[in-house]
Amino acid sequence: MDTFFLCCGLYLSFLMVLSLYRAIFGPTVLDRLIGVNAIGSKTAVLLILIGFLYHRVDMFVDIALAYAMLNFIAILAASRYFQKRKGLFGE
Amino acid sequence: MDLIVVFLIICGLIFFTGGAVGILRFPDFYSRLHPAGKLDTGGGLLILVALALFNLHHFSLSTLLTGFKIILIVVFVFLSSPTAIHGIVDAGVRAGLGPWTKKKD
Amino acid sequence: MRIFGIIVVILTGALLIYAMGDFPSWADPASPAHNHVSPRYIEKSLEQTSVPNLVTAVLADYRGYDTMFETAVIFAAGVVCFFLLRIPRKDEPTVRRYRHTLTGITISVKETREIPPVLEEFERIDTLWTPPDLIIKTCCRILVPFLQLFGLYVIAHGHHSPGGGFQGGVILGASMILLAISHDLRTAIGRMSERVHAILCSVGVFIFAGTGALCLVLGLNFLDYGALARILHVDPVTARSHGILIVEIGVGLAVMTAMIWIYNNISSKGKYDEGL
Amino acid sequence: MIWQLDLAILTLVVVAAIGAITIKDLLGSAILFGAYSFMMCLLWSIMGAVDVAFTEASVGAGVSTIFFVAAVFRTTRRTKD
Amino acid sequence: MSQHYPVLLVTVPLLSALLISIVGWLNKRFCFPIAVAALSVAAYSSVGLLFRVLDEKVILYHLGGWAPPWGIAYSVDHLSALVLVVVSVVALLNLIATQKSIEQEFSEKIGAFYTLYVLLVTGLLGIVVTGDVFNLYVLLEITALTSYGLIAMGEDRAPLASLNYVYMGTIGACLYLLGIGYLYISTGSLNMANISSILPGLYDSKVVLAAFIICMVGVCLKMAFFPLHAWLPNAYTYAPSAVSSLVAPLMTKVMIYVMIRLMLTVFTPEFIFSKLALSNTVVWLAVIAIFMGAVLALGARDMKKMLCYVIIAEVGYMVGGAWLGNRAGMTGAILHIANDALMTLCVFLAVGNIVYKVRGYAFEDLKGMFRKMPYTMTGLVAGALSMIGVPPTCGFFSKWYLISGGIQAGQYGFVAALVFSSLINAVLFFRIIEIGYYEPFRADHGHESSPVRMAEAPLTMVVPLLIVAGGLVVMGVYTGDIVTHIIEPIIPPAMGN
Amino acid sequence: MPDLISSIVDYYNYLIYITLMMIGLYAMIAKKNLVKKIVGMNIFQTAIILFYVSIGAKKGATIPIIQHGHGEGADEITSSVIKAAEYINPLPHVLMLTAIVVAVATLGVALALAIKVYNRYETLEEDEILAQIREK
């Protein structure tokens, strides 16, 4: 089962490359935001997978939970910027 | 049991793949939000549920607690991810981003 | 400047890569770093402090003095942000806008007071005319207590799982920041005013340093939690564990309030009026 | 330590770091810095440093991104490099 | 109680900084007395510590009751006791002397100011007293962070200068941290004494060499050694006068203390002077630093900036002296830490008094100043004489040790640089004195009365200045005692004679 | 082939930390935007943290939290012998927790300073600020 989890993890990190492409080359900032959000959701899953690979998953759950929460807050803050400042390409 | 777990995880990975490809290939911001909002959340849910199930292999109080916490993450992702996407959409609308249409020329 | 930067970078990189040749290979159990000081931490800390999380044990007990100054650093950062940015209260009136929630009519009022009273049917709008979004508001109202509970859990459970005062404190602080983002900065300040979080920030560090000083008063060295055994009526090992918990609470308090303090000052440019 | 994942994430980290300093938009830079922190958190949990990973998850991914966005909100997004 | 002096020294200021922060929100009037009390306790215990060290050589204090390689230990020897006394006394005097100008400049945020001030002093004292390399880093950051905040509250370009200081200071501190990492990976320990007992077997390792170079570059960045000095002049010039008279005497000197501590205790002199062939290079860099500092000071158009460049030259003296590799040079460097702290304090306090009264520190503002503020100018002249190196003041003696060390080592370039910079200092300060004494007082500062009335700064500002000025002479008189009793025992016998 | 992989694995972490550090350093020296420099500063600090955590890693060891059941008696824990080889070295983690805290504190202060600079000069570009200063 460990090998399977490892393969899943590697596959997820491959998918992160795709999201990272959007995060780096996204034409607008909001596209980048989507890319980062996607990376965040994959990372939370990956953290639990790493926990299974270490056979100590009870230690990693807290991290994943905190991670998901703070990712959410960060995304919300960035989107809040556009709700207050109009204009996508500068001031 | 393992079979269900593997099946769920593979389903989740397929969802994630769809999400990643969608984010990469869709033409504009609003359509990219669709895979980001739905497929990523769905994939995350499936894999997390599968892992919670796998965790309950050795049934004891502590694994139950861990499983419960994983389910808590599921609930949390289910609650927060759409909200975050909603926030992004709202930002896009307020920022005056027009939706993509198939132009003739 | 760019060429100068490249030159500096290449020189430094060359030095570092040159030194890399003598490193022990990655994750080598025979490396000197694993064999001099740390084995004792791993083998003895459970019986000396009865804390299974080695990082917590080393952080708060063996090297507790570092942690005390780490907390002082974060406190200093809060004070510096306040000191640099905060614009003291001025009594000249400012224009504020309110929207009648039922009809959507907006009115402007000239006010001098810092925080106006909460009105049932009028909703305050900031100068950029963005009322907080209803969906986000509702969702975050559900999430904030949950986050705070989780933060407290992380602080309290730091002995047995990853976590501790610092992480829990950041999560608690983030919950207040979430409130400020989803509702309004003013709502968050209404829950916890500037004076309260400024004082709590120093109180947090004070708990840490005070615990150390208490140990000194009780006759042992500074931060030697074994001295607390006399007050807590337990054996010295358990006293160490309790001492670590007390200290973690102090760290959590200081970090939480420092985060809120820094965020409030940065996001409102020191006016404490409206934030992100 | 899981070296396969370690190598993969390390490579991603470098890409994210280069992205964060080359983007000609401060908000985008701040957001990518958040992504960089996500991966750093992952990297540390791969190497078994759970407490560090927890701290990075709460500080790097959460609070410091918020600080950046707040600071950019209060200044400007414009940058020439 | 006296066995707790090392820790009281640091924790009493820390606790009272927190207390000031709380009290500042309730009643601002109590901030200043608490700060004075805290620094007095620190000064008292540092003097007590100095006397204990004279008897017991090295005092160890185990924090948390853990033995050194596992826990953090404080170790106080003659060198650290000397620097401790200097730091705490300078901080206390400066606090009392600048009370008025602080109240004038920060009436709103006085609580926050005193909190940061006392925290800064805490950090400096901690750096001096600690015996653990990582603990030193944390304390370094606390001093750096508070000084960023304090400096940025000055006028004009202060925030920009402070931001540059943040970048440079962070690079410096991070490089130091990296150096510790290199030491840790090769020795596995963080305690200074323990590292130096492990290191002799590893002298040929590239890692140790890199660790040494990285640490030194980091520390040099922090102390503004010549090629890396770019942040210092602006940061100190535009800082509020109360802050610059605290930071200018202490920050660079404490960093030089760190350098000497690393050289003597962690990397032993055998490693530095026999294994590495860097000695010549560093001394020549110091020579360039002294020349550049002196030349740039000539070009400066206001007093604070001129003094900043003089500080850069002085950093060159001490680094050069420490790297000469013989007893006299090291003695001169250590003695100069104490002397330079005092004389910089003296000069900056005088400038602070002038700024308090005249609100400017350009050379034109000084016209007729001898008639207007005679006592302040007396203090300034005393500091100036000491900086030039005129015999009864202490500046002469440390310079004498440095020069004799340079001659012993055969570094005639260094000797020439010392003499040259003394001459330049003479030119600089006599220019000031000339402007202050002979030029008529300009009437456009508000008072149109042509016979200049005496308008001295308040008594609380003048008296500490005169005490410091007297201290310069006293230090000069007792130089022999200080050298034989305090400095001689710390220089390891391996340094030759 | 396995030799090649193992030698890559042995030094890849260190190489990447050097790369990241150089990226951060370059950003701090060559970029003209003040906030960009702060981003570079953070990358620089994180690179050093990566170095320390790489020191702490240990083959065949588990995370530094001693394994035991929840709530079971303390006697049982102390009786079983804990071997140092089984757990990852906790000391670098402790140091890096402190370093992360310092990094976030520095970040807060630097951003506050950047806001203060912007208030005065209305721009974040270093060259434009210097031009404004020179005009005066």
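In order of appearance the chains are A, B, C, D, E and F, and numbering begins at 1 in each one.
The working rule: contacts are C-beta pairs under 8 Å (C-beta built on N, C-alpha and C of every residue); 3 or more make two chains touch, one makes a residue touch a chain.
This is a predicted model, so every value here is computed, not measured.
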| item | value |
| --- | --- |
| Steps needed, at minimum, to go from subunit C to subunit E via contacts | 1 |
| Comparison of E-F and A-B (more C-beta pairs in contact) | A-B |
| Separation of subunit B from subunit D, taking each centre as the mean of its C-alpha atoms, in whole Å | 21 |
| Intercentroid distance (Cα basis), subunit C paired with subunit A, Å | 23 |
| Centroid spacing, where centroids are CA-atom means, of subunit D and subunit E in whole angstrom | 37 |
| Contacts with 2+ other chains: residues of subunit D | 1, 3, 30, 47-48, 50-51, 53-55, 58-59, 62-63, 66-67, 69-74, 76, 78 |
| In subunit B, residues with contacts to at least two other chains | 62, 65, 76, 80, 83, 87, 90, 94 |
| Contacts with two or more other chains, residues of subunit C listed in rising order | 16, 23, 27, 31, 33-34, 37-38, 41, 53, 55, 59, 63, 66, 70, 73, 76-77, 80, 84, 130, 133, 136, 140, 143, 161-163, 166-167, 171, 174, 177, 181, 262, 266, 269, 276 |
| Sites on subunit F touched by subunit E in the complex | 21, 25, 28, 34, 37, 41, 44-45, 48, 51-52, 55, 91-92, 95, 98-99, 102, 105-106, 109-110, 113-114, 116-117, 120-121, 129, 133 |
| Complex contact set, residues of subunit C against subunit B | 130, 133, 135-136, 139-140, 142-143, 146 |
| Subunit F contact footprint on subunit E (complex, rising order) | 134, 138, 141, 145, 148-149, 152, 157, 159-160, 162-163, 166-167, 170-171, 174, 177-178, 181, 184-185, 190 |
| Touching residues on subunit B, where the partner in the complex is subunit C | 76, 79-80, 83, 86-87, 90, 94 |
| Touching residues on subunit C, where the partner in the complex is subunit F | 1-2, 4-6, 8-9, 12-13, 16-17, 20, 23, 25-29, 31, 33-34, 37-39, 41-43, 46-47, 50, 52-55, 57-59, 63, 66-67, 70, 73-74, 76-78, 80-81, 84-85, 160-162, 166, 255, 262, 265-266, 269 |
